[in-house]
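The structure's right below; bear with me while I get my questions together.
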Amino acid sequence: MTLNVEFGSDNHSGVHPNIMKAIVDANNGYSISYGEDEITKNSIKKIKELFGSDVDVFFVYNGIAANILGLKTVTNSFNSIICADTAHLNVHECCGPEKFTGCKLVIIPTKDGKLKPELIKPYLIGTGDIHMAQPKVVSITQSTELGTTYNLDELNKLCSFAHKNNLLVHVDGARLCNAAIFLKKDLKEITRDVGVDILSFGGTKNGMMYGEAVVFFDKKIAKDFEFYRKQGMQLTSKMRFISAQFNAFFEYNLWAKNAEYANKMAQYLKNELCKITEVKIVQKVEANMVYAYIPRKYLQKLREKYFFHVFDENACEARLMCSFNTKKESIDDLVNSLRNIIKK
Amino acid sequence: MTLNVEFGSDNHSGVHPNIMKAIVDANNGYSISYGEDEITKNSIKKIKELFGSDVDVFFVYNGIAANILGLKTVTNSFNSIICADTAHLNVHECCGPEKFTGCKLVIIPTKDGKLKPELIKPYLIGTGDIHMAQPKVVSITQSTELGTTYNLDELNKLCSFAHKNNLLVHVDGARLCNAAIFLKKDLKEITRDVGVDILSFGGTKNGMMYGEAVVFFDKKIAKDFEFYRKQGMQLTSKMRFISAQFNAFFEYNLWAKNAEYANKMAQYLKNELCKITEVKIVQKVEANMVYAYIPRKYLQKLREKYFFHVFDENACEARLMCSFNTKKESIDDLVNSLRNIIKK
Amino acid sequence: MTLNVEFGSDNHSGVHPNIMKAIVDANNGYSISYGEDEITKNSIKKIKELFGSDVDVFFVYNGIAANILGLKTVTNSFNSIICADTAHLNVHECCGPEKFTGCKLVIIPTKDGKLKPELIKPYLIGTGDIHMAQPKVVSITQSTELGTTYNLDELNKLCSFAHKNNLLVHVDGARLCNAAIFLKKDLKEITRDVGVDILSFGGTKNGMMYGEAVVFFDKKIAKDFEFYRKQGMQLTSKMRFISAQFNAFFEYNLWAKNAEYANKMAQYLKNELCKITEVKIVQKVEANMVYAYIPRKYLQKLREKYFFHVFDENACEARLMCSFNTKKESIDDLVNSLRNIIKK
Amino acid sequence: MTLNVEFGSDNHSGVHPNIMKAIVDANNGYSISYGEDEITKNSIKKIKELFGSDVDVFFVYNGIAANILGLKTVTNSFNSIICADTAHLNVHECCGPEKFTGCKLVIIPTKDGKLKPELIKPYLIGTGDIHMAQPKVVSITQSTELGTTYNLDELNKLCSFAHKNNLLVHVDGARLCNAAIFLKKDLKEITRDVGVDILSFGGTKNGMMYGEAVVFFDKKIAKDFEFYRKQGMQLTSKMRFISAQFNAFFEYNLWAKNAEYANKMAQYLKNELCKITEVKIVQKVEANMVYAYIPRKYLQKLREKYFFHVFDENACEARLMCSFNTKKESIDDLVNSLRNIIKK
């Protein structure tokens, strides 16, 4: 029996039809490479309409690159980057950040994947001490790797705290759209307006084939990015095919529709799981993922049918992801499977 | 007037329709990410059918990554990598190789972009001397950045020389297909069979949207590649969309047809240019590019209409590229434009 | 008034007279550079007599280099290095380890600066997972940065645990001699015999001017060290002047005498401080340093007279260091100063 | 028979007695570490008296570190550093510059180890092109690795050319003192006054035990140096022992006396060798080294008695070094040995 991988990750989904159509349409004759083409210019213009005309926008292939190259651009190798223990940057980038930036990651334990000023404060030592890595950036993930979301108040406090301490704020926004939907805010309100400096703006997990954007809200700090992007192997030649995806992403608010749908499915999944006494939802469901505790014996059986991640095997917590194309029936099937397993 | 960019690069072309169709077809439901999917397995199987079942094949986004990650996997930071002065590795990768590998590039001047044992020999000093970078790999480009091609005899001699000196051989094969067609050999005959150890196997310049393969002909030296790929930001999540392109690439020998056509167009372009007394072809045309000397005053005028690269402004040598979708009429137009410019 | 810096660090001491004499004596005519000289050969021979003839020994300038170069030699950039939160490697090397190795430091909170298998275990995740840094080495400090010492049983368990998990064990032995004295064991018994793989063997903090040794207990893993040492800017030309120091270090067991004296002074200092009700010794005194809690108002006053480190200003814990040349009277002065401050 | 190593390198010499005395004298009680001590402050003050009070001076262990850390401080990883093919930076630093800076070395062939504007000009391509390494620094060696010296006019032209092209100028001054003596200029006249931006100021080859200084003539570009020094493992704890050497170096112009003597001995050696018909001096003798062609059969015999470097075995060119303690009689012996070999 083939494993059902539907809930394994939001990147298990294919490409949204509108995005695919944009790719096909972009395949129209010759076009200058490396981002000088009209589709790319148009796409960057659209993103500037969202965030302000005075920002800098660059496309890269994937989220790890958006994070690493964005951070490299604003750090020296003797700096440190502060992040939550659960950050993708820390856990799932195979020490790419350390290798490419040289920086130390200062890793802060959290319960819900969210940094707070009071959590960061004890780690802010050694500023000016030549023996110690110099803190330079706080990197947060919005929505987090645990499916939680920073609200406006939390964002404001965090950015304000960071800036007071001469730290920049980077947002790993692989699932920024899901956060915006949950918070009922637009993308600018939860990034630039609260004081974020650098944004990894994700597309792939929200219906795109490949391609993410790095947005610098202050052009001054962005000036070296293009060289690091090339050096970092992330300058795509046929860039129009990334740009076209972003154009479709913003047309008729596809980004919002996809994220809204995915979030809604996660709520539905959560609600259905809540009906099962043995299951416990262990993190707030504020985006498109559900973290559910499932007793080991049931969990094992469920994994024979479904592929999904259990990052801490001891904790028996399943991460179940929804996306723009998750079907309600699939959720029902999953929940019923689990019910049947428990019944036996 | 918009510049005509048709001859600017083979990556100015769009995507071959068969490749695009394969991408669209791959967008079929859920699929596990990061290369565990069936399309990727199938694609790797096809490449192994070409090169031997005991090779290792990995996909990355682009050619610079194929080069850098392939080389990183077989070097330590105290090694040196030997290449021609014209190598993409040296000229157009923004010191990405130095940054990611730590290695020194030993850069050897050539007339035609081709390394030879006698050119390399004087640079093979310091083996075992702890003060000096230790030579580890010879990297050649096939076909070269100047449009020339190593023949079988040259390849055999070079690989044999390298191996005698405990050096591995890497081929930057961004345009390997064009070389194979020119030499009337299959891909294995010009790589594995002559002794090549690592191959960057290009797709993008030959009709693909994005995606290249790294092929190790000895699995033992490949063992760390997957970690370097992830760390190097080159592991794509929705890998099926690269793999599907390679599947189409090998179906009905599309790779060969595209390269054959591009080479043919380059010959046609060369022949037409040869008819103009003022123009001089400065490199052998053995792939899909033509290097043509055009007197400065005509060159300037031509560049007002056409975008193409002139890497050494002093030399007045235009690099004119053909691809799978170059039209004969476009070549005629280009040549006529030049004629008209000269006439005036 | 000049600050008294005597207790600030064991590197505030000068050079032991016997070491200085050896340096002066080594200044005798011409000598081949970079370690091929007789003094160096003799010195390495002496270290091999201590640890076994089948080890590899290399000299570097300082302890940070011994750590970083030793670790670089046995890691790839996608590996992780496990260490205590208090490790010099983590706190006081300005992300040099991350920059030079590319590796992630996996930082484990401890109460006493000592790692234990049960502390490490939860962090051993992701082995073989290409998204995650691959654990490769456990680095411990002996004696620790908090003045505590791993006993033989702890060392045996840790090394055995590490090896079972395919991890190497590195010891930052900047103060190894102090640990050996405390444990009443010879240097081999607390390193090689318990299973340590790589040792940074410190001299500077124990009476030398500059110079540390890196000892590999398995020559196979040492093979690249010499290239990394040169590349890492740590190959000294006039090496005889480091080697001569090590020769003196081992003659008449100077290393042991110095460490024994320093440890004794630390015990004396501890005992004197214990007599002051307001002061609390916060870590076991098992080497040459005393960690003492001093109420903030007294601490501030004391710091007007004495320079010493208080790494966590909130905790009001003074680190007071003894060395081979700490005088009993100086300790009495310090303690009396504190008494007087409290009395007022 | 033991090989005579006297002419093998200027670092085969021991330490000048005045320097050694200063080291011994510095061993006087406690002293704060890492450069905050009075001896260091005094030493830096002396260097500022030579070069101007508005410069920044830092000590490191050795010359390779002075070069690499000085260059790292003023470059980003996408920059290139221009140097002669013979540069120590290129040949004898085991790709340490590439590893630590990430930069590409642009290596320019020269006949005499000296760069000139017209040699550099053809390599200044790609400024602003995101695909290419961005030239940032010209690094020259004064006096050169071939024993030649840039005169004031050459220095002025080179620096002026560099600055016009937005390039900084770095001088590897491992043998700067020898150049100053040859040119009959003081140290400032041949560095700051001609426009040099960063200087690696060597001590070890001119009578010191260890220790070099990095001098930035513009404090603004020096601001990150201290962090890179620590991260680069080059911050010595007992710094007073480097500083004391520099103090002695400047007292009674020891630096000048030593260099003057070494240069004089090189002239004497050259003159004696010139009397042997079979020998040919192949580079101008403008510092403390003599490059002499010796026919292979004689060279081989001579190397049985004397250790010296022959960097290009095919060229049969011996590099013979003089230092502050080279004896006239030793030169006579060497020359006589060669005569006897030839006679037989």
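Order of writing sets the chain letters: A, B, C and D. Residues in each chain are counted from 1.
Heads up, the rule we're going with is that a contact is a pair of C-beta atoms (placed from the backbone, for glycine too) under 8 Å apart; a residue touches a chain by one contact, two chains touch by 3 or more.
This is a predicted model, so every value here is computed, not measured.
Asker: Would you mind checking the shortest number of contact hops between chain A and chain D?
Answerer: 1
Asker: Which pair wins on C-beta contacts, B-C or A-B?
Answerer: A-B
Asker: From the centre of chain D, which chain's CA centre is farthest?
Answerer: A
Asker: Quick check: how many Å separate the C-alpha centres of chain A and chain C?
Answerer: Spacing between the chain centres: roughly 41 Å.
Asker: Distance between chain B and chain C based on Cα centroids, please, to the nearest Å.
Answerer: Averaging C-alpha atoms per chain gives centres 50 Å apart.
Asker: Distance from the CA centroid of chain A to that of chain B, rounded to the nearest Å?
Answerer: 33
Asker: In chain C, which residues are in touch with two or more of the other chains?
Answerer: 77-78, 93-95, 99, 102, 130-131, 227, 230-231, 235
Asker: Using the touch rule from the top, collect the residues of chain A that touch chain C in their complex.
Answerer: 77-80, 90-95, 98-99, 102-105, 107, 122, 125, 130-133, 311-312, 314
Asker: Give the list of chain A residues in touch with chain D in this complex.
Answerer: Spelled out, the residues of chain A in touch with chain D are 34, 76-78, 102, 130-131, 134, 224, 226-231, 235.
Asker: Can you list the chain A residues touching chain B in their complex?
Answerer: The contact residues of chain A facing chain B are 4-6, 8-9, 11-15, 20, 23-24, 26-33, 61-62, 64-65, 68-69, 93-96, 99-100, 204, 209-210, 227, 230-238, 241, 307.
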